[in-house]
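Letters A, B and C mark the chains in the order given here, with residues in each chain numbered from 1 onward.
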Amino acid sequence: MASIASSAPLVRATARRRPVAWVPIVLVGVALAYLSLFLFVPLFAVFFEALRKGWGVYLAAIREPDAWSAVKLTLLAAAIAVPLNLVFGVAAAWAIAKFDFGGKSLLITLIDLPFSVSPVISGLIYVLMFGLQGWFGPWLAEHELKVVFAVPGIVLATVFVTFPFVARELIPLMQAQGREEEEAAVLLGANAWQLLWRVTLPNVKWGLLYGVILCNARAMGEFGAVSVVSGHVRGYTNTLPLHIEILYNEYNFAAAFACASLLALLALVTLVLKTAVESRQAREQRP
Amino acid sequence: MIHRTLSRLAFAVAALAATPALAEVTLLNVSYDPTRELYQDYNKAFAAHWEAKTKEKVTIRQSHGGAGKQARAVIDGLEADVVTLALAYDIDAIAEKAKLLPADWQKRLPHNSAPYTSTIIFLVRKGNPRGIRDWDDLVRAGVSVITPNPKTSGGARWNYLAAWGYALRKYGSEAKARDFIAALYRNVAVLDSGARGSTTTFVERGIGDVLISWENEAYLALKELGPGKFEIVTPSLSILAEPPVTVVDRNVDKKGTRKVAEAYLQYWYTPQAQEIAARNYYRPIDPKVAAKFEKQFAKVSLFGIDEVFGGWQKAQKAHFADGGTFDQLYQPGKK
Amino acid sequence: MLFMRRSHSVLPGFGLALGFTLAYLSLLVLIPLSAAFARTFTISWEAFLAHVTAPRVVASLQLSFGAALAAAAVNAVFGLLVAWVLVRYRFPGRRVVDALVDLPFALPTAVAGIALTAIYAGNGWLGEPLLALTGVKVAFTPLGVFVALTFIGLPFVVRTVQPVLEDLEKELEEAAQSLGATPAQTFSRVILPTVMPALLTGFALAFARAVGEYGSVIFIAGNMPLVSEIAPLIIIAKLEQYDYAGATSVAVVMLVASFLLLLLVNLLQWWSRRYAENRD
């Protein structure tokens, strides 16, 4: 690809020959206008509203104990959900990409399913399972175990909504890589663990990392499903997105947006990481 | 040696586990949306009162949300010690569906277990540009009304019933009341899912000429969001809203918190607590406190839900269940 | 046979990997989802039909599916454009834009809903000029639903099309041009057919994500029954009346629709991969 020279014009096509100079400018302009309407302005609004009452209010909102406990719970849920889905993603991708079996499309579809299930339903199904009126509710109550309206329920809902991401990132990648390398390793006497650690995982590490990053981003931002199973006990079962809703409902808009900006920042950091991962990946793939 | 260390460890663990139960209790109060500020004040007062009386520290955890959603959470296993919801119907549902408390719970505390009351009034923009004085002004052509969805909001059901009761009394027949409600909801611009959402729509987004609201919510919005930007209009007739409170028997017996949970609710009936209610714009039931705060609340004649609708169970079934009066009347597609 | 190995392979771990996959999938997804079906089956078929054919339910399903379709279509067109611009042109801030495209994916939906409502309300930054210039209201109308769904579906088309465009050989385009094809012809005959499978996948993903969306929509929709009330809100409204069977009936309709849609996408991808392999 052509690098940007210091004297490069504002917008430059990378193709060697581009007969109409205004086409790129118009296209870039339209694309940016579309992104502004649906993306940049909302993002800017979050930070604008957060800082409207000044840094003092902003910092106070973030330092508040309830906000902290919400941050901790959010991180905890992500810290459990992401590794679980990581292990699952590797196993599923290994089975699907390296072997031939019937019903593959069906299996992939079932793995995808949580992605398109309405968050409201994702929460509801766990209440139907573990709620006091649900299948396992009475048994759980007898044994003093709590699932819904406690941390386990929040973790379960988070696992559900982030279910497909690592698997979906790995399956096409591992399919594209084929199985020759692994087969060669086996013929050379490698056992299963060596195969996994020395051959397969190093080959897919960037895809894996990207999947983890997506999974984590979604885990921290989930609202609908967690809202159904949380019980909204302040300082106790509120995740950060739920805490934001509560602040908003208390007419405490500046604090709500301050916490929202925290999540937006988290998202931005995640995205910077992701971009770094991608450029690293691109560099490695180049000979 | 090892044995001793182990037993010491076991003792320490047992002590750790036992300590909080002795010196500190935690209550969970599951409530509806507009009571956040009220219970912040009340919990502080009760904790101080309880510690002075029994030397026991009590921490009250709060959960707020739409009344129906909150009741459902308790039914599905949210271990509330007390519920303080917007309408009796939702607590009836807990009694009926999960059998967590007896069906006659409402008789356990004075005044139908409602230690504070409220009513439904209007919030209009500064100077009342549309000249809204009473319910009839809300059905005029071109007046834009904000109220939440009665299907998802307890407060919205009080709003609806207040309007129905007014029309029934003024025009004298059920058919006329139906026409009135149909006309009213034709004027509704946004039907948010909860009372707080409606207030935000009206105040922050600048939509609508009039917000039908809880009295306490309207005063709070006036104070928090726009002093000098809005005015409160009290209609000639409205409904007596009684948000009830009760202990959830099965949960307090399981957790061993019955004594403090009951004391927590009984404290509402003391003059100090009644003043907290009044300061948060809820109408106190104690006549002395009511007299003291008389100027704060506009005079309005009120009717009860039992006298006009025969109680919540009937009102819910006739008006808000799927296919009920609200569904029949509210058809924005057809005009 | 379902989930049976077709051919022998020297690679180890098939049984373990597939077994774990199926067990984890069943425990966390299939059994919980079956709870929704089980609850629905407690009512009769007639009652189920009555629930899902009630006018409000039908209207909400139409809105959820219609607005999701419209939002996915707009994202398909503009997402393709954004991907093209990001791959082919160099302009200041390109990398920032590239990174930001994923934002709707990571931002909590409630935050998105609140921010979008503030912007597109009649007194918002974009809502006010729009209302003044064109008289179009966005927030609290079905258009608001569309805006929220466009926001949350934005990354999907861009992210599926981008890698394909990066791989697209420029020689092909240049050959077409040197053979006298106009840019429009080059686009419709060379570029579009190549990116079509990815575009369709992105479209379907954006659609699938938008159909069930709740958090961002309820703030901006206005939630008027029969007009701007989405299907997930109907589920919530039924739950508020303790009507679990009614709620799960609507949920089941949505679940089946999502499943069929995703199955279609996966078959499409499988088919296009096979087609590409056979062509090579």
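Throughout what follows, contacts are C-beta pairs under 8 Å (C-beta built on N, C-alpha and C of every residue); 3 or more make two chains touch, one makes a residue touch a chain.
No experiment lies behind these values; they were computed from the predicted model shown.
Taking the mean Cα position of each chain as its centre, B sits at the greatest distance from chain A. Chains A-C form the pair with the most C-beta pairs in contact.
Per-chain Cα centroids separate chain A from chain B by 37 Å. The distance from the centre of chain A to the centre of chain C, with each centre set as the mean of the Cα atoms, comes to 16 Å. In chain C, the residues touching two or more other chains are 118, 236, 239. Across the assembly, chain A contributes residues 134, 248 that each touch 2 or more other chains.
Under the contact definition stated at the top, the residues of chain B that touch 2 or more other chains are 75, 97, 204. Interface residues of chain B facing chain C in the complex, by the touch rule stated above, are 66, 68-69, 72, 75, 93, 97, 149, 151-152, 188-193, 197, 201, 204-207, 320-323, 327, 330-333. Across the interface of their complex, chain A is touched by residues 1-7, 9-14, 16-18, 20-21, 24-25, 28-33, 35-36, 38-39, 78, 81-82, 84-86, 88-92, 95, 97-112, 114-116, 118-119, 125-126, 147, 150-151, 154, 170, 173-174, 177, 183, 205, 208-209, 211-215, 231-232, 235-236, 239, 244, 247-248, 251, 254-255, 258-259, 261-263, 265-267, 270 of chain C. Residue ranges of chain B in contact with chain A, taken from their complex: 28, 30, 33, 36-37, 61-65, 73, 75-79, 97-98, 194, 196, 199-200, 204, 221, 224-225.
Taken together, the chain A residues at the contact with chain B in this complex read 127, 130-134, 137, 141, 146, 148-149, 231-236, 246, 248-251, 253.
For chain A in complex with chain C, the touching residues are 2, 4, 8, 10-17, 19-20, 23-24, 27-28, 30-32, 34-35, 37-43, 45-46, 49, 88, 91-92, 94-96, 98-121, 124-126, 128-129, 134-135, 156, 159-160, 163, 179, 182-183, 186-187, 191-192, 195-196, 214, 217-218, 220-224, 227, 240-241, 244-245, 248, 256-257, 260, 263-264, 266-268, 270-272, 274-275.
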